[in-house]
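Shared between the two complexes below is subunit A, which pairs with subunit B and subunit C, respectively.
After this line comes the complex of A and B, so read on.
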């Protein structure tokens, strides 16, 4: 909203451009002192500790252990993004076309889950997914399985927990795109002879691309750096990058190596953002609702 | 007319307690241009949508060539349609939009290319094949929509107020195009509009809708000259409505100032006598020249010279305002504001309801 006002004003009277900028300075100051400075500090330590040089980067790129963590991070982020997209699409579609009353009810449920504490939600999944959890007990009670399914401390647990957390970030941009589409366009496609599948693949999907792009970007980038859920629901064999960084800092006190890993994560995330920006423009990359 | 080409039979559509359309029946011949005319909310689009298959009528049937369309999904009806809003696929070029119905029908590429070229030629947009819809004006977009709707040679073309978003000049231009395309292709057209001039200009026949029903079906001439109801008389063209008293014994109608008109057609008046509503078109008045005809006297309160005719406002003895259009031969001596004037009209031009 602020940027919107800024650009509009800038177009009309350029000299006043800075006038709208000053009110943002407290927030910028806060960000500089407590976010930008520490991050820069960490990144600096990656080339200064234990002695100046690039040895931390050599170690990160040279070790198969770290490489496995990188690969795993991308695999998990990709799986979570794909699953989230598939689950979010029908939800977003329903939100866009359903009668107002039903849509706002579902919307409230989504927002409520977003506002609930992250740890609480993750612990809830632990309760549901563990060996003696509700899901395993129920399935065994029905006699469908003989022994508990391994649902936690592995990829399944991470995917389930993260998908749930990421769902709103996919649903919101998707539904705002879908809602902006004109139903008459689909009627026209149908009368032109397109069956339901053709209307979906040839008209609906291409028109939903900006929303898909925005949602996929947001979820993928967030997943790359996610910590809490993988730490609680994941296993030791599929550690993610954020967990590695935390472990390097907290247990191994290796700030240099942690800084190197963090820089790589930052560069990759910004890189993806740039690609998205190039293809979909500012709207898709910056706008949720 | 032998077996009708398209037959709409007693269509009714209700939404809960709202009746959108009731008992609409209409037979349309092949190649005919029929317009649904009527005020907003009168059920025109609903009827069209029932034909297109976007909604299922509560009652009634739609037959094409004697076969019911109702159980056929819209994508199998093979009907063309141009919508009120711009419905071109925004991610496809003009040529790809026109090719869309042929691609989903999996026609060979060579055939598609030839047909797209022919269609763009038909709507005179050959040079714009590679444009994107967003780069075109509203009028051009609707012409592409027309090309897309005709690309698969549909037996029927539906048009739901396709020009209502365009300005008057452009609208008239495209009306001429539509007329030409109708002549060139011979496609049967069902056209919806709330603009009577557009309806009169384009149609072979007009179905005048009011409150979910067809009020009158006929040529523009029929509707103008022989309106079936007060509503039709009021909707088509300009009209003056006056109160009169009907006397059955001498088949005369007496105006409030005592002027009696004999020989008025009474077929639209219910049984009995007494108060009736009568309608006279502004251009059906003449100056009274002393003959033995009804003589209506009033005072001219406003005159506007418009070349082909002069528009007068005449205040009658009972205080009603009449809109009067005098032809050139009746204004040899110019009519002045404030002047007293005696008017008459042929009894056949007077309608009683």
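After this line comes the complex of A and C, so read on.
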């Protein structure tokens, strides 16, 4: 079966790839002119400002503050990715197996949340999570807690807000992978004597890996560079890298240092992408069917 | 300053993004400010009548973004002609050569408050940082001084401060620690941070005016450092909000013209109008920020004039913009380092 799939894919892919290249050139040109060039410009500043040299990198790696921001960025992105995966998996599974009408209703709800303005959604969480917010007031009203829980301006607030924003980016690749699985495979596994748990862990999960990989990659990399939600729901002691870069660019006008921080973030993101590509191939590294 | 600050620039700047204005003759000028209620007031008080009187069209953009301003000047493609910025930034930007000098043959310098006027900028409006509080939280007691802001025993609860490195919070810490107003500068930074450390777990940061109002009105942070106009706006909506003018700290937004604008002449005419008495009076009436034209107060209704920062000068402290401009970068670095700890 493996060889058959491979040859079929190879046969279909090779000519299509070349034929598909030219129509992408306007988009590539757009990206080059308006994205790649300015980004390179900023990165160049990191070795040219205030004078040519590596002083900006020395400063970034030599400062405990910046290192703390780096570490925090990865911690937050990891937590958000794990929580998002746990929440998204059942939803994606339900989307894939539910009757069409239910699935499309749920789909609409997910898409609707994506289309709502990011700021509005983040402010809504502020209203819910703050000390005088609905959650704390309700819990205190029921006598469950004596003083408000610290749900905002800390890691909890960031995790809640970002997980909520990232959910669709995990659900969509997951459900497309799960839907493409053949239910007969699981029946066959059962017939061969696997119990439910075994079917899940040894058949279903391995087959879902490309979807999990794509979702995890997307959410993790997006989380690394996230800005608005951590700025509004987080505290200053768990600042993320994007916030630091914005501060350097807009407030301190230190573009050299900002370029250095941006380059590090870019290298790390590309590195993660490369690892994913190496282990799971093109499909897991972002291609969604 | 004002409603949306840097935190949300990413989203907001998309709204009005425009490039390369005015290659044609008889072109529009672009006035950039911070958005929100403040820019609305500037539109009504300055832009609308100016367009009507001069026939010169003025487009609005926002929010102000120092990074963008610098990028425009460096690239030589300046699409903002007049920009509302914070005072300390203007002093620093003038030194870096980012600003056009003001043409005082067009602008009348005579009646402009000299505290906020220089060769490269004119005052836009001036404001005070004041101690604002929500009375419901303290059972009849009212905080009066910056010392009270640091007294968590007498006034328990979260306190809110301006998040960004800017004149204000460090001065408040020093005043709260008993430093005499005339001994504030140069700032004793270690002492200021040490004082702030005593209440650090209780601090909630506000990054924009609207957020500060929400924190105050909801009681989320029942006391803190606020722009006076923002507290007034909450007072108009809700009872039980108080403010203390004791040692209120003045600072100003100023208007600048980015270096290399193609509409320098028109920009100067707009500046001359915006800083003249009547538009300044209208702006002050709408916002409760004070006019920077000394003739403006006469044109205001007596009731409105009485609520402005310029009526509370007895213990007023002027934030030192020149000191800040000289030390902006160093203080910024230490401020954010301290915050991230």
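Please note the rule applied: the second predicted complex is superposed on the first by the 256 of 289 C-alpha atoms of A that agree within 3 Å, B and C clash if a C-alpha of one lies under 4 Å from a C-alpha of the other, contacts with A are read in each partner's own complex, and residues count from 1 in each chain.
To be clear about the criterion, contacts are C-beta pairs under 8 Å (C-beta built on N, C-alpha and C of every residue); 3 or more make two chains touch, one makes a residue touch a chain.
The structure displayed is predicted, hence computed values, not measured ones.
**Q** Which partner does A:106 reach: the first (subunit B), the second (subunit C), both, or neither?
**A** neither
**Q** If you count the residues of subunit A that each partner touches, which comes out higher, subunit B or subunit C?
**A** Ranking subunit B and subunit C by residues of subunit A touched puts C first.
**Q** By the touch definition at the top of the document, which applies to A:190: first (subunit B), second (subunit C), both, or neither?
**A** first
**Q** Once the structures are superposed on A, label A:140 by its partner contacts, choosing first (subunit B), second (subunit C), both or neither.
**A** Neither partner.
**Q** Let me test your reading of the model: by the given contact rule, A:43 touches which partner, first (subunit B), second (subunit C), both or neither?
**A** The answer is neither, since A:43 touches no partner chain.
**Q** Quick one: is A:87 in contact with subunit B, with subunit C, with both, or with neither? Answer first, second, both or neither.
**A** Neither partner.
**Q** Touch test for A:207: subunit B only (first), subunit C only (second), both, or neither?
**A** Only subunit B is touched by A:207; subunit C is not.
**Q** Sort out for me which residues of subunit A touch subunit C in the complex.
**A** Residue list for subunit A touching subunit C: 63, 65, 68-69, 117-119, 130-132, 153, 227-228, 231-232, 235-237, 239, 244, 246-247, 249-255.
**Q** Over in the complex, which subunit B residues touch subunit A? Could you list them?
**A** Within the complex, subunit B contacts subunit A at residues 52-54, 73-81, 83, 85, 87, 89-91, 100-101, 104-105, 145, 148-149, 152.
**Q** Mind listing the subunit A positions that touch subunit B in their complex?
**A** My answer: residues 182, 184-185, 187-195, 198, 202-203, 206-207.
**Q** Contact residues on subunit C for subunit A in the complex?
**A** 6-11, 65-67, 70, 158, 163-165, 204-205, 207, 218-220, 328-329, 332-333, 336-337, 339-341
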